[in-house]
Amino acid sequence: MLFLVAAGLQLVFGVQKILNLACGSFYALGAYAGVSAVRAALAAGLPAPLFFPVLLGAGLALAVIGPAIERLLRPIYDRDESFQLLLTFALVLMFEDVIRFVWGTAPHQLGNVYLTYGQVRVGALTVPTYNLVVIACGAAIAAGMGWFLARTRFGRIVRATAENREMAEAMGVDMARVYSRVFTLGVALGTVGGALVIPATAAVNEMGIDLIVEAFAVVVIGGLGSMRGAFAGALIVGVVKAVAIATWPEVEMLAIYVIVIAVLVLRPAGLFARATA
Amino acid sequence: MRCTRRHFLKLSAAGAAAAALPLDVAPVLAQSGPVRLGILVAKAGVLAPVGESGLRGVQFATDRINGAGGILGRKLELVIEEESSPKDTVERFRKLALQHKVDAVSGAISTGVGLALGPAAEEMKTIWLSWDATTQKGVEESMPKPKYSFRSTDNECEAVMASILTARHWKGRFKTVAGINPDYSYGRDNWAAFLAIMKKYGIEAQVVSELWPKLGATDFTSHVATLAQARPDLIFSCFWAGDTPIFMKQAHAAGLTRSTKLVLTTGGGVHESLKKDFTPEGALLGYNCFYFENTKASALAREFTRWHHDKFKEWPNYESDHGYFTVAAFKAAVERAARAGGGKWPTQDAIIQALEGVEAESLSGPRRYREDHIMEATFFQGFTTHKNKHDFVTIDPVESMGTKQIQKPSGVGLYDWINGWKV
Amino acid sequence: MIVRALGLAACAALLLLPLAGLPYTTTLLLPAFGYAIALLGLNLLFGTTGLLSFGHALFVALGGYTAAVLTSRLGVRSLEIVLLAAAATAVVVAGPVGLVCVRYVKIYFGMLTLAFGMLFYSFLYKFYALTGGDEGMRVLRPVLLGRPLEHLDTVAFLTGPFYYYALAVLTLAALVMRRLVASPLGLSLRSIRENAAKAESLGVSVRRYRLAAFVVAAVFGAVGGALLVVPTGLADPLLAYWTHSGNLVFMLLLGGFDHFFGPVLGAVVFILLQDQVMSLTSYWRFLFGAILAVVVIFFPRGLMGLLDPRRAPAP
Amino acid sequence: MTLLEAADVRKFYGDTCALDGVSLRVDAGEFVSIIGPNGAGKTTLVNVLTGLAPPSSGRVSFKGVDVVGATPVRLARLGMARSFQLVTIFPGLSVADTLAVAALSRLGRSARPFTALARDAEVRAAVEEVAVLFGLADKLGRLARTLPQGDKKLLDVASAFALHPDVILMDEPTSGVSTADKTAVMETLVQAARRMGIRAIVQVEHDMDIVFGYSDRIVALHQGRVLADATPDAIRADADVVATVVGRPR
């Protein structure tokens, strides 16, 4: 799931050169919206197995906030990155309270839908099928993004913009539209990520703030602006956490920061950054 | 506002006194208006739901007291401020004491905040009745004999009770244990107490895994996988926040809850989220010191539970009771001190003296403050059941133990006390 | 000049405040003094050298914990020694950390400092035997200039001697910083902010001076942090959390980063505003986010920019 | 006496070879121009000589010292200065401050933390000296970004001059300056160099009138190699060079 948020972060950074601290907030929003949507759908008599498309839909629908927020960021595109970082920090503060205002402070969760699809045995472990569905979905989105960026017209425009904004602009690309759409896509990756993860967990107020740091770790390890990096970074962070928890739980948190710093020091562009000048 | 002749005379007298001794004005005036009680309540973050619950208890108590004419005829007025980081909360406390000039402060849940507030209360010379913030070492080290702070029950009470019940019901039926506890002092204290008591009871359980997820974590996939590998016979956890249902859900999905014995000392704090779908029957579940469906509940408790459910569509949990008791105890102490002092509104010192050893009816039966300013209460735990009208688990039968049995007495170290048990 | 008159009035108000019989307002300003000192340092990095740190809270926490260790573990109660020790610790830590961080600029610098801050946070949180973990560590009332002042109760101590002590340290820090910014080193740092490649070609060793700025900023952060924890009486890990760093940057921007007194104004206004808004609504974070957004979008030069609009806005 | 010498310098960017065995010598008292079509490697050569980009192989020595891998800062201390092709200034610093950065660097005072810059008479004198030579004396208080384009260019060069270097390398000192003003700018530069005792000038230049009007020697680059290294007269006579590099002489 971390991958989706990180991918959203990467996309926006790659194209717009904005590091979006609010990505965690989108994730949290997606989670809450997912809970509400599925609850409403189940109450309306929807058969339980259909909850998955409802979640996806809720995540996607929430992305409508993307263009509005992008509009808010627009005045500062030409300014120092530090200001952009701060503005997204302002968004983090605001979203935290918006969520609290709408959904309250108590954790929200979806009871049993998690196991609607049953469980499977993988080796010695029992794994809920839903986890596999989510993993498959994440992989599908990763592949889809790859295809989208490489093959579609809009994808090519996005890549061209990421490479060289002036050039793309000179070739008649409407920057305002590209930015708006890319940002919305980034938001959607975050909200869908949040919505999909919710059956396995519960939506709590502070999930956004907590996630940001991890998403950052993923992005830094993978390399800013690189999709492949986001995927690899998410894997690395996941594996490091799992190994640390299994062997030496005391260092779980520390280990990730140490890796982040090590990567920044040794390969500041990240492990998977393209060689750009 | 009514202004009787007598009131007016009193004011003039106060005015005359003010001219001579300006410092004496404030207390004279303060004794005629409402009693002001400062409340520190967490509103954001992991603690927010707990804070909200405590505030409900306080509000219920306040409404009842004011409905019955207040404390010695004075209305009770709440000044609510937010509990956040220790630094900010100390500043809020100061605001309550210095600017709002409250008669006492009730509230605070976080241990770190409590550690900062204890000394602050002494320094500000303001009575502080803690809801949950309680800590062993800090307060004892730096404030051996607090005058103004009144603490909650010890951190480990629920672990002590759960350990005794574990030994009583499951001794000899498990060989390996694992602990998954939130990564901060509360989690560590409870786990250490559990291990010490197991040893005391001669249960040689092998610890196969000790996990310390961050407080309020939302992903336990790796922890659950580790537990599944370690295959413990019993899992001990003192989760109390939103992490409890998440852990249960993920543990259940991994098949961990089917055969493993579960000890959840404090999970009752989020009892409504422990859905039957993923919470098994037969797990030992603690509700701290208030259980909403206690068959032996008092009329007061029933009234509160009804009020709470009508108003918030939720069943109350223990923090409400902490909040309720602090207010009730304050009222009882004021009245007790007034009786001793001839009916006048008592001085702060008299109230403090009266708080020591004061007993008041809480939502979970009688509670009191010990002479060393530590709360005495009754704790409720039991084995989970699905046989109820809710979609979440409850306990049956309900076991209760008083702090006389599960809290170390004044002036004794926890482990010395445990080691001194006769079992 | 209006600004100068306002400044003098503000200084006079600060000097007289403890006498006005507003003990709460007076204690409220104490953290503002601590923050102001830390922000003077942060602004040497951001306003002067052009590096935005998202990990300045690391040094604030470092100063706070130095005060805690000295007063409650080692029995050193002299505030002068505490402040010097905080500064020394900051140099020891900022040296190697800075050496790594100043190799990068802009977003990378921000992220690296954020990572170091969080590393320290995890350390404080995890190594509880050393640091008290989540409960933090007590900071006992310090001795000022060798005088224990035990006859004063805490409120009298905080609103009297300690208030003036903190104000004096802040004044001293501001004078030192003012001197520093107007010195050749200050000019070198500004030239690095404006154009590092050009500065290098003119013989300014960019990395060395950035490191110097980083270390000086850390020292100010730690001294501010040591003062900050005295009124609280506790140093806790949240001091090092990344949102605390974010708040520091917020204060700086609110005050105005391109004016010398921006940091001081930002700290004072932030604290007063937080005090009011927090009592008013539990949704104060939203309000603060909105204020920050407005400042960033419309008033990037902060309050000082509004008060003193002599210079053209920075691009 | 040889001030600056490069021998068999190669520079690769990835697989692209920007410099392919370039050798060059600059003696005291010389004015050397580097010419060549776009992409010939002129700017790369300047960057290699001034330490901005280390060569992939080859030797560079300055005043008899091996300076391969030396940082721009070290070279500046040794007495080498440069200006940039695109105007490179400190937009938010005043003219006086810009020149002071260089003056402080020359005097070894850049790192002084507590002396008051405003009271340093020696620095002020150095700033004024350069400002007068470049006609910027009445604009000392203005922010660099508010200057007209021509003055920005002069400020860029003037700040390099304020280092009092032995050698100055200028990457297209008159680019962006209108044709009518080019000669005036060059006159200013040459006069200033003479007054300040700069011992050699190396410039990259496109304008052939200026190249032929001022140079003692011309180095023609083509595809990363030295095509010719000779006096202006000899270059003018070399039909090959004229065809590939100079274009039709006016």
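We just call them A, B, C and D in the order they show up, numbering each chain from 1.
Here is the rule we go by: contacts are C-beta pairs under 8 Å (C-beta built on N, C-alpha and C of every residue); 3 or more make two chains touch, one makes a residue touch a chain.
From a predicted model like this one, the values you see are computed outputs, not experimental measurements.
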Original post:
Which chains are in contact with both chain B and chain D?
Top reply: C
Subject >> Chain closest to the middle [Cα centroid of all protein chains] >> reply: C
Original post:
Looking at C-alpha means, what's the farthest chain from chain A?
Top reply: D
Original post:
Measuring from the mean C-alpha position of chain A to the mean C-alpha position of chain C, what distance in angstrom results?
Top reply: 33
Subject >> Rounded Å distance between chain B and chain C, as computed from the means of their C-alpha atoms >> reply: 36
Original post:
How many angstrom between the C-alpha centroids of chain D and chain C?
Top reply: 43
**OP:** List the centre-to-centre spacing of chain A and chain D in whole Å, with centres computed as mean CA coordinates.
**Re:** 49
Original post:
Could you say which residues in chain C touch two or more other chains, in rising order?
Top reply: 125-126, 285, 315
Original post:
On chain D, where are the residues touching two or more other chains?
Top reply: none
**OP:** Give the residues of chain B that touch two or more other chains, as numbers and ranges in rising order.
**Re:** 43-44
Original post:
Which two-chain combinations touch?
Top reply: A-B, A-C, B-C, C-D
Subject >> Of all residues in chain D, those that touch chain C in their complex >> reply: 50, 52, 71-73, 76-77, 81-82, 84, 88-93, 97-98, 100-102, 104-106, 109-118, 120, 123, 143, 145-146, 156, 159-160, 162-163
Original post:
Taking the complex as given, what residues does chain B use to touch chain A?
Top reply: 43-46, 48-49, 51-52, 210-212, 214, 216, 218-219, 221-223, 225-226, 228-229, 241-242, 245-246, 249-250, 252-255, 270, 273, 275, 277-278, 314, 391
Subject >> Interfacial residue positions of chain C with respect to chain B in the complex >> reply: 23-25, 27-28, 31, 72, 125-126, 128, 132-136, 138, 140, 153-155, 228-229, 231-234, 236, 238-239, 274-275, 278-279, 282, 285
Original post:
Of all residues in chain A, which touch chain B in the complex?
Top reply: 96-97, 100, 105-107, 109, 111-112, 114-115, 119, 124-128, 130-131, 197, 200-202, 204-207, 210, 238, 241-242, 245-246, 249-250, 252-253
Original post:
chain C touches which residues of chain A in the complex?
Top reply: 19, 72, 75-76, 78-83, 85-87, 89-98, 100-101, 209, 213, 216-217, 220, 224, 250-251, 253-254, 257-258, 260-261, 264-265, 268
